[in-house]
Structure formats: C-alpha cells, structure tokens
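Chain lettering (A, B, C, D, E and F) follows the sequence in which the chains are written, and residue indices restart at 1 in each chain.
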C-alpha cells in the first residue's frame, strides 16, 4: 500500500482533544423541530404531510424529487404544526421551506423493517437508500444512492472510505469510528457489494490512533479485506480528491467524476447511516455533531435533525464572550446569522466563536504576489491570480485561471501574509458567474421565443393576405357555393383568432377535389383522415394549434378553471389540435397541394401529441414546468383552479434549484377527458 | 453660411471635447516625437492645421463626386498632395526647421487625425464647416503640442521656445529656470514624452470631472431647480 | 453577531514581517559597504527612506486611502534602500530624491500602490536618473575609510568641485573603457592586473559587499521569503553566458567569477529580480524571468551603452512578465488526467 | 510634369487592377459580428435602445450607427461586454435611453384582467398565457421584464414585481475590504427620488 | 554579413519604431487592450510593413529616381501602401472573419500607421540598399509587434489594478508606454558596431 | 445625386444583376480614381515647379551656413560649392564610403580645404565632423555634424549643446596646427595631452581629438594634390 502525497496543504493546530474526552452523548429531545425540506444537493423534496398530521419518528415527510434528491423524515413523533419558510443554517440568513413538528415526547418510531439487500437487488437498494434519506455526511450532502453506481470507466478499482476528518476542531467521525466501527464496516461492506471495487481503502489521519485501532479491529472482526490506512495529518487530506490522491495516487480533475477514474469516496458516517437504514430500517433522523470552541464542555452529541442550533449549543455551555456560532470547521465553516436555524444533515460541527479563540482578522493588505497561497493550494491553482481577476470582476480571466477547480478549502487564505479573504473573493466570483450563466441561458431562450413569435406573426400576416386575395378571387370567379363557406365554423371562443390563428392548418384539405397529382391525392386523404380524427377528438374544435406548448397548457388550465367556476359556459373546450376545416377551394395548383400535405402532416402529429397529453407541457424545460406548476398552485390557493387541476398535481415544489426542478407529470384526468369525445 | 452654435460646437470639439491628442488619442506620433520643444510642436501643428483645413475643404467640395468604395484612396490622394505641397513650402521657406522636423512633415499624411477628420467630418459636411473643423482640430493640436513641448523643454533643460531662431531668425530661446538647473533629461527623451502626455490626459480627466461635478443638478431643495415640476403629484 | 468569512484561523504572517526581513537581510551588505567605502551610503539611505515615506504618505493621502497601515508595511523602505544601494553614494541629495519620487509616485502609486505595479519601482527610479544624469550616476567613490566622509558629505550636499579626487571608475566601467581604448592589444588579464581597483573575485571592496548580499539572500531563501528559483537562475545564466564567452575569447571577456562579483549582480539576483510584485510568479516563469534578466544584464554591461545592465535587464523582463506568467502556469491538480481524457476523446 | 503624370498613372492602373481583382476574388457576405453583438444583449426586446429589438440594435452597432451604451436592461455589465468585444472604451449608460433597474417580472392581477389578449400580442417572448375572454397569466420564468405589456392593457391590471432573492438565487457579496477604495463621490439624490 | 544582423537588432530593439523612433503610436495605443487583437494587429502590420518597404524601394529606385521625381515619394508610397492594406484587409476578411472583426476599424488604420510610411522614408534617408531595406522593414515590424504584444499583456494586467481614477485608461497606458520606452533605453549602444 | 435606387421587387433576379453591376461599377470607380490621380499629380508637379528654385536656394544656404561656421566668409572668394571634389574611400579621414572636399581659394590661390571626417570610436558610435584647414596647415574651425553621444554627457562636443556657451569645447581647435602642437599633445588632458575634457566623459573627446589630428595629417600629406585637381577631373 503506497501512500502518495498531494502538493500544498497546511497544518493548522488541530484542537481535537477538547471534544474527544467524553463519549458520544445523546442530545435530549427538543420541544419543536424544524426540518428543512432541502437538505441535500439536487431537487427539493416535496412535503408529503399536511399541517395537523400526526407523524412518527422516521416517517417520511418529504418525498425525493427526482433522482438527485433524497427523502426527509420526521426526527421524532409529534404533530406537524406548520409547513412554512423558516430560518436556515445558511450564510445568507434567508429562510426556506421547512416542516415544523411539535414533539409529543413519546419519540415513537414508525414500524422499522430491516431490508434484505439480496432481495432488493442493487437498484432496489439504491432506491431504498434514497427513500431512507441517506446522503453524504462528509459535508457535501450529495445523495449517496446516486454515487453508488459505477461510472463511465466501468467497474470500480477502489472504494475509498473517508475517515480523515482533517479540519481542526471536528471530531464527530473520530468518535463515530471509535464507538461504532462495526457499523461503519458493515456499511462499507454494503457499498462494496453495490460497487464491486477491487479494493476497499479506509483512510484515517494518523492523529487518530484510537479510531485507527478501532477500525482495524472491526475490520478484522468482520473478516473483511478492507485496508485501514493511516494517512499523514495535513489539511485538507479529507477532501475526497486529496484522499483519493493519497491512497491511490489518482488525481481526479474538477471536470471529472471520481468514478471516471475508477474510484468512489464515502464518508464513514455515510456508511454508518446506510447500514442503519438497511439493517434496522432506520432512516436518517439524527447525526453526530461536534459542539466545541469557546464552550465549557466540548463534546459530540447525537442530535436529531431539525433541533434548533441554539438548543444544541446550550448543551455545551458556551462561555459568555461567545459572539457567534460557526457551522462546520474553522477552515470551511460558515458563521450562522441565526442560531434559531435547525441542525441539518450537513451539520457536522458547531463551534462557539469568540475573539479570544479566533482573533479578529487584521486589515486586508494588498496582495504582494508572494506566491505563498500558490504553494499552499492543494489543487495547485494560482490563488493570487484568481484574486486579482475576481477583485477586478474580470470573471473570464478568473475562469481562465481555473476558478472552478477551487474547492474553497481556505488553505490559501490561511497562509496569506496580507490577510486577504481569498475564498470570499472566489465565492463571490463563482456565484456571479453562475448568475450570469443563468441570465445568459434565459436571454438565449427569450431570443428563441422571440424569433419564433416573429416568425409566427409573419406567417400569420402572409397567410391572411393570401386568404384575402383568394377570397377576393373566389368572389370574382363566383365559384361553387360550397367553397364560400365561412372560414371557421363556429369558433367556440370568438376572440381566439385574434391571439392565434390556425394558419398552419388553414389551407389543409386543399386538393381533395382533383386527382391529377399523386401527392395531392395522398395529402387529401391524409387530411381528410386527420380532420375526421380531429372532429372525433373534440366536438367543437378550436384553433389553438398555433400556440406554444406553454400556452396550450395554460389555456387548458384556465379552461378547466372556468369550467368548474362557471359550469354554464360552452361545452368542455379542450386544447386540441384540430385543423380548421377550411373547405377545399377549386385551385388545382400543385404547390397548394404539397403545402396542404405538409400542413396536414403537421397537424396530424400535433393532434396525436395533444391526444396523448392534453397538457402539452412535455417540451417545456423542467424550470418552466415548475413555473407553470407554481402558477397553478397560486391559483389553487386563491380558489381559482379547477379540482381537475388539483388532482394528482403535486404541491408546488418551491424549487431552490431550478435546474433540478421536477418534471410535473400531467394529471391523468385531463388526458382521459380529452380522449373521450 | 454657418450658424453660431455650429461654430461653437466645432470649436469646442476641436479645442477640447474631441481634442485629437487628449481624447481621441490620434496623431500621437508627431505629438510625442517632435515636441522636444514648444517651437517644433507649434510649427508642426501649424503645418497639420493647414493640411487639415485644406483637405477638409477639398474633400467637402468634392464629396459628391467621390464614389463611396474608393473614397479612402481618393482622400489619401488629396491629403498626400496637400502634404507634399506643405513639405515643399517648408523646404523652400523654413529650411532649418524642415531639417529638424525631418520625416514628420511627410508623415502628416499618415497622421491618423487628418484622415479620421476627413472621413468623419468633411465627407459629410459642407466645405466651410469642414475647413473650420480642420482649423479647430489643428488649433486643438497646436495648444496640446505646444504645451507638451514647452513642458518637456522646461523640465528637460529649463528653457522655453528653443529652436525659435529657425523660425524667426535673430530671436533666441527663453531661459526660465536658473542656469544651474540640472535639467531632467528624461523629459526630452521619448519616455518623458509618454509620461508627460499621460499626466496631461489625467489632468484633462480631472478638469472634466470637476466640470461635471460643478454641473450636477442642484439639490432638490434649491429653489432654482427646474425638476420638481416633473416630480409627480406627491411632489 | 460578527460577520467574518471562513477560514477563522490564520497563520501568523504579515507583509510587514516579510519586508522587515528583507531589510534585515540587506544589513550585512550595507555593513561591508560602509567598511570599504565609508558611511556616505548611510546618509543616502536616510535621504531615500525619508523621501520614500513622505511620498508614500502623500500619495496615499491624495488617493484617499488610510495612510497608517500602508506605511507600516515597510515596502516603501525596501524600495528606498534598494534604490539607494544601486546609486553611487556620492550623488547629490536631490538626485536621490528625484529617483525615489519616480519610484514611489510614478512606478508604484500611479498603478495603485503596493502589489500592483508592473515595473520594479526601485529600478524605474534608477533608470530615470541614469538616463537623465549619466555623469553623476557614473561617479563612484574609490575605496575610502571613514576619513573621506567629510568630502563625501560635501559631494552629497552638492559641492562637487573636488570630486575627481574622490571618484574612480567602477570595475565594470573601467574594464569596458580600458578594453575599448586599447584597441585590440589590451587583454582582460592585463587590465585587471594593471589597475588597483580589482580584487581576487571582482572589484576590490565590491566583492565583499557582494558577499554580504549573498549572505542576506541566502537568509531570505532559508526563511522562505523567496524561493531558490530566481537567484539560482539569475546567477546560473550570468555564469553560463560569461563562461561561454570567456572560454571563447579570454582576452576580451572577463571571467564568470568577475561578472558574478561585480556590478549589481548579487544585489540583483537576491533582492531585485526577486521582487515578487513585478516579477514572474510561477516556478518556471521565475526561472525564465531571472535567466532573461541576467542575460540582458550581461549583454548590456558588456556590449551596451551603460556600465551595468541589472536595472535594465529587470525592467525589460518586467515587460514580459504577464506573458511569461500566462504561458508558464503550472499544471493544476488533475491536469494529467484531463490531458489523457482529451487524448482519448480526440481519438 | 509629364513624366510625373505618367508614372503616377501607371501606378494607379496597376493598383486599380489589383484591387479590382481582389474585390471579386475575396468577396464576402454576411456579418458574423452582428450575432456576436446580439449575444451580448439581454434579449429583453424592450426597444429602449431605440430599435425594434435587440437584433436591430446589434445591427446598428455593427454598422457604427448606434453607440454601445443604449441598452438599459443590459446595464453596465452589458456595456462592458460590448466594449470588450468591440475594443472600445467603456462609457456609462446613456441617460436618454433609461436607467438600469432591478430585474422584475410582470404580474397580472387576475381579478381585474378582462382577457382582452392585448398583452399577449405585446409580449415579445410569449411569456403571457391565456385565451380570449379568459384571464391571463405571466409565466414568471419566461418573462424578461420588458414592460411592453403594460401600456396596452386597457384596465391597467399588469404591474412589475421586482424579483426577490431566495437561497437559490442568493449570491456571495463582494468582500468588503479593510482598505477602502478612494472615497466615492457623494451621493446626490436626484430630485425625483427626493420628492 | 554581420552588419545585416545589426540592422535587424537595431530595428527591433535599439531603435524600436514605437518606443524610440515614436512611430505607429495610434495602433499601439488603440489595439493593445487585448492580447488577442494585439497579436492579430502585429501579424497584419508585420506583413504590410514588410511588403510596403519592398514595394517602395522598387518604386523609388525604378520609377522616381530615374525621372528625378523624388517629390512624389510621399504620394506614391502612401498610395501603394493604401492599396496593399486594402488587399490585406480583403484577404483577412475572407480568410478569418473573426480576426477581421476583432481588428475592427484598425485594419484600415494600418494605412495611417506612421510606421508604415515612416519606415520606407527612413530607408530612403538612411540610404539602405534593397536587402537592408527589407531587413529594416521586417525588423521594424517585428519590433512593433513585439512591443505591441508586451504592452497588451501589461495592459490586460493593469486593467485589474487599482489605478487612481484620473489615470484610468489611456493615461496610465501612456505612462506604461513611457516606462517601456525607458526600459528600452537600456538597449542603446548595442548597435554601435553597425 | 446619390439617391438610392428604387427597389423593383420581384422583377430582377438579384444575384447576376449584382455581379454585372459590380463590374460596371468597378470600371467606373477605377476611371474616377484615375482621373483624380492625374489631376492631383498634375497639381503637385505644378507646385514642385514653383518651389524648386526656392528649395535649391535654401539647401545651398544651409550648406553654406555650416561651412561658414568653420571657414570665415571673408577668407575666400570662389564659389565653394562648385569647387567640390568627390573623395573615394579615405580611411585617413575615417570615410569608408568616400566623401567630399571643398576648396576655398582667394584670388585663385589656395586658401583652405573644407574636409569631412568621421571619428569612428565615439562613445555611442561614429561622430561626423566638418573641418576647415587653411593652406598653411592651420585649423580654421571644426564642427560636429552628426553624433550619437549620450545627451547631457558626451554631447558637449556640439556647441549648441555645450553648456559653456562662451568658450565651447570644440572652439579649442581653431588656430592650431601640427607645427604648434607636438604629436603627444593631441590628447585630452587626462591622458597627458593639451585638450580639455569633461570629467566622466572622456571617451568622446578622445575620439574627436584623434580624428582631427588624422584629418590634419591628411591635409598636410595630400593638400597640394587636392588643390591641384580641377573640379571636372576626379582623383
């Protein structure tokens, strides 16, 4: 087992002894739990309980929303008293949606049923872990099930279990390994069975001899061939990429996933919780939290998710000069704007901050390009260049210098003789770039829609002119009276032709009267068939086919609403794709026939789509779908939406990550209604 | 003919607002190369002024005859002809200065500001306006070049208007600083020219910022403010 | 609630500490200087320091920045000392003032102050005065004990009448002029043996000053104030170039040892080319920068119009720094894997 | 005299021939610059720049008929991008064309909306949904905030709502530096603001 | 032979067109904001300048001198240069529209780049022969490109610097050019063996 | 004028028309350009004719001005410029490419030679000189015509730059002859000779002194012969 090393890194004083003196303590029950729905990377779970519902510990209260998302559970038994925006342990201090549970004190579990991985099969286990809310507890809170499938490179070479815990002050993994090593090994075995790696490596920094011994013993006891490796103590060895480098010699670039290099990395606590979930049927409802810093008694506590941080801090008796609470370690943690915020799955450590413990930073001086930061950077970036360009808001240049390879470990910041808050500049630059990219994508989309609209307007104008000309011609020639029938038989909504028109379909069955061109004949037949089907599909066809899918969906919703609100109006208008049955005119022009054929084909396609999914939202982006759904919900809450709109539709996912927003499935009821004439 | 406001705007543009040297950063080569003293700067500016005024007038008169595609070659032709005439005149009349200014007289042809004005102004305006524009652009150049040249020789050697004897025989330079002033030779060398011009541009920025600050709309409580009328019903 | 971003731990380091160590490292060289050439240099250091601090304070004030912390960083003093050490100790006081003003005002503060200047301020100051007052800046004092101090002070105050007695050519300048005048029949060996201004390593006296700088420089390398790259590449390139020409024609070109120990070579290698702000920052870039600066310094001192080329070499390489840095970025973490990926996808 | 004219005439002929040949040989069509400029514009299509949308404005810039500082929605950032692309000096937003405002979306008061569809026709990016005589709604994520739908509405039921920040859209702020940049020019509130 | 080397070294470094001879400053200031454009402009100018020196030598020696028409030098040189520039522009526009766009208005401005007319005129004053003329032209062009590119590199960097407000932009660029010119003074004397 | 062509929708097939139009257009513009070239060249030629006499006169005057600095105007009565001799390559005068000798005569008798000389070993390259040597071997005057010595240091050899206006350094040579000054005296004082130099800049004067001495030697050796050759037959 070769130990490799990575360049850079720093060695701050570790301050781990303070909180390892006492064993893990069980935090007392709180009266009230605030369980945020968004606790992992990816989609925001949808609440699946209602205010007033009674819940048991381990009961699912938030449903995973997509593949990169994990369920959220009640931390104790009690009553749901609110589903509302609550303060979050987030540097912004902004609130987010949470389920508030008032504990009943019984702390009763749901019925816990161990799962049998063999019976479930790999996919079953992954789904089970997702349902159990197992996410990475090493800090990134990435849903673990998503990391448990092999990558592009095929079979995995190494599975790395991360027990490095390199940040100062934090000891929760240390204590977990000391006291619950067997569970970690069992969890590791579970991961091993899913990923089938050639080797399993458990990396622990050599400043935790007890943990190493405990893990070695547990591995031996379980009879596994996992290698427990003591790695040199240096921050940030615990970073997944650094640990992988140290244990395997492989470097995973920022633009790649570790599985592409045949490695996957999990935190020890993740393995432990996964094992608890599978072997005992216990979803993630608590986690170990190191409470330390400027406190009377530093210790690790097993804390329920959702416990207000202030209550957890109180357990450690903070000293009076405490002036803030840092969540996470002193290198990467964030100062919490509000200690009413709850403990979440990412809360590994709470440090009471005081000026004595963490002296206020000296004033920022200009960068003298001394290069200390570059020497300390574990990713071999040039932090001072990143800083130079981030400060000047030249984000293009910052990206040229690999801004997004920065893992925000803070090493550069730690060594800088000018005390520049480098990481803050990088975070600023990154979030600006993301915002800009979002804006750019939005602009691009707006442009496409704008161009589409222009095209449509033009086409409409042209068609209208053509129609007028033809009508004039017909008048002049005094052709068959059948041909002079009105263009639109009894439109249900008289105003509809103002907004949109059936221009595409207008000249549809143009040539059904004559058989000189084969194409024309075929087109005619197709068009006739089409018309028939369309007529079948809706009693009163409306010309809504020129609409964008978004608008069609909207109209459907509005119609539904109207229907329920004022039942006296016209018979069930439904979004459909009926071509306007414009009577054939007498022209024998081949071109017209061809056009007609195309138009008919298009109309057919559209009609089919419409028939299958009346709410034509399928080609919207998830974000737009989410937006539409949100509108629905708004209406619903103002009592405007139809019951049809409410059935089956999930409650609005107040997405925090628009890109991962759910694809709201169309309500089945609508589909049924449309297909039944 | 020409209206007063037009005249004022042409003059302001040439002398200050669109000053070729400080704002447009065109015509840099003579600006920096010949300003080792005020005399050279002024004389070359006069030559340029002459060319600009004449070429402005010529192009403006001929602008309707010149097809768009070949306007650049024709402009160059006109300018080059005029420059050569000026060159001949200097050679004949001010031979000493002619030798000092060297290739910078023929280089008036490529003085970016000449072609830039012809293209941007004379091609679109009547002859009188164009000639005036040339004159004022030239005057703008004149004061900047003289100022820069004066500063350079003053800092460099402590004198002013050295080389004047080449223009007006019998006169001689003024010595403004004491005889034992050591002189900062750098000012007379190319680096000094660049750095001093940088300072002049900064000075202009400062003047403009000051002017802008003075022109700021007065505070709302000031009675003379015309704005409150438009402030809406609450106001 | 305090509002500070992570990390909450900082290493005890500061710009002041860095600069103070640089100043400290200059002390051995200065001591040797005083020993051989008299205390006039101390007067110049004082003039330069006072001017630098005043100019720095004035510029900070004009730009509306807090004056205190910026003065306390000592960077202006480093600039002032290095500048004073590159000028002859007997130049008139106003010349030192002009040089320092150019260094601090033009080269440093017009670019935004500490850390942002693309050119080495001290060398800008030096170049300005050598271009403007070549005569004054090429008059160096001969070896003199403390007894010459009065005359030197007189020269500094501007009374330069009896100067000829004080001054002598520097070894580099003397060698160059002597070789040129002799028109082919003079050899380096003959010149070096002839005049009493040469020692076993370089110029007499100057070699000790150089050794002082070397000691200080090694101290800085040991304290990790700077890395080995710049001095090593600087001295290496100088030695290789001088050695090659010396081997090619030993009569017309002095030995590498002579070049290493005369002029500003050692000061340049350890204190000037190492300026972190205006120099290159990547490891390979530092090698390139220093080697380039040394090459130019050698070419200028041997073939060019100035007695020594250290300042111009550094300034000319300062010009190239953005490009050097851009093209010598070290590979970042995982770059190899990315390159492999690229290769695979390319196929 | 004659020799001079002859020499120059000869030169003119040769060069003229070369240029004539080249102009045919190297003929190009289209202007990729317009697309690049267009990509720098926010695509709000609001017309505040004085053109019928972003693309026409881009064309005008490319032709040199419009300055780069006429697009308020793009703001300073947009002007900077254009200046960068075109190698020009940055200049502040031209006051004639409006001011930079925080991003907002249109909101239709659904109780008041009479379903006249006028706003639908006005919206350049199809962000309003609804059919005749039915209430209309703005799809928030599609709305660019161009305000073009405001004037046509006969019952004035559309208002602009600034977009509020939430955790997902929250951005890390520019670090406050201890050494403050040069004292900013004092803020003079404009009369309208004060009123 | 070695005197050709000195012609080139002299033109590139010692008597650099921009920093010492002070020619071609408008493009030097105008096209140096970005490295990419500087590279493009450098390449274009190098080409035009080299061709222009060759062409003007031929014109001078075979058309003007034989007929005693020295006074037509300026006129004939500039017209030739304008034509060469236009040809180059068309060729670039065809072959690399991107380059053409980034160079924008500056390509036609090569015509009014003093260096392009100044170098042929200097060739005449210095009585260079054909090879020397070409070398001097190419050397000057390389010198122009060199300093343009270095300057662009520095300007990109000081874009991020906290330059005093009134010096932002052109003013500080001028100062930088001055300091560059100062650095280039270090080369003086290197061509004295010429 | 240049009103736009009315568009004719639908009738003209656009592409071919464009090509034909372009060709015709090209011919037309080429013609216009041609006419412009002819006209402006004509103008220029006219201007040249007008100014030529003046230019020639001032060129002559310029040359005479320099000569008069080294040769007192009254000391000759012939047309100096007409009495010129072209020298082939003359290493004695440091002229590798040859040069010119002017012969001053008074009443037909040799009065003085005006020689060009080059000191190749100046501090920063060659220094070009003009000197007048009387028929008696006495130096009448020396002037530097071209040099690249360091401004402010080595340039005191040029009387215009010399700080000592009353007794410029170059004035030391007037009146000296080989007979007055022994060979060892033709050095700067620092080297034991009789010529002053400025401390810190002795390379330059050394070069000049050496060149002057060589020129005197040359005049002594070849003077007779040079006076003898007629202007028509070249040596």
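Some observations on this one:
Methods note: a residue touches a chain if its C-beta (ideal position, glycine included) is under 8 Å from a C-beta of that chain, and two chains touch if they have at least 3 such contacts.
In this text, all values refer to a predicted model and were calculated from it rather than measured experimentally.
Most remote from chain B, judged by the distance between CA-atom centroids, is A. Farthest chain from chain D, judged by C-alpha centroids: F.
The distance from the centre of chain A to the centre of chain E, each centre being the mean of the chain's C-alpha atoms, comes to 56 Å. In terms of their C-alpha centroids, the spacing between chain D and chain E amounts to 37 Å.
Taking each chain's centre as the mean of its C-alpha atoms, chain E lies 27 Å from chain F.
Centroid to centroid, with C-alpha atoms defining each point, chain A and chain F lie 82 Å apart. Chain B has residues 73, 77, 81, 84, 88, 183, 185-186, 189, 191, 195 in contact with two or more other chains.
Chain contacts: chain E has residues 30, 71-72, 75, 79, 83, 86, 156-157, 161-162, 164-165, 167, 172, 175, 179, 182, 185, 188-189, 192 touching two or more partner chains. Shown for chain A are the residues that touch two or more other chains, namely 363, 365-366, 421, 424, 427.
Interface residues of chain E, counted against chain C in their complex, comprise 35, 149-150, 153-154, 156-158, 161-164, 167, 172, 175-176, 179-180, 182-190, 192. The residues of chain B lying in touch with chain E in their complex are 25-29, 31-33, 72-73, 76-77, 80-81, 83-84, 87-88, 102-103, 106-107, 109-112, 114-116, 186, 189-195, 197-199, 201-203, 205-206, 209. Chain C contributes residues 62-63, 106-107, 109-113, 116, 118-119, 124, 127-128, 131, 296, 299-300, 303-306, 309, 311-313, 315-316, 318-323, 326 to its touches with chain E in the complex. Across the complex, chain C meets chain A through its residues 1-11, 13-15, 17-18, 69, 73, 75, 112-116, 225, 227, 276-277, 279, 281-282, 325, 329-338, 341.
Residues of chain F that touch chain B in their complex: 1-2, 25, 28-29, 32-33, 36-37, 40-41, 43-44, 47-48, 51, 54-55, 57-59, 61-62, 151-152.
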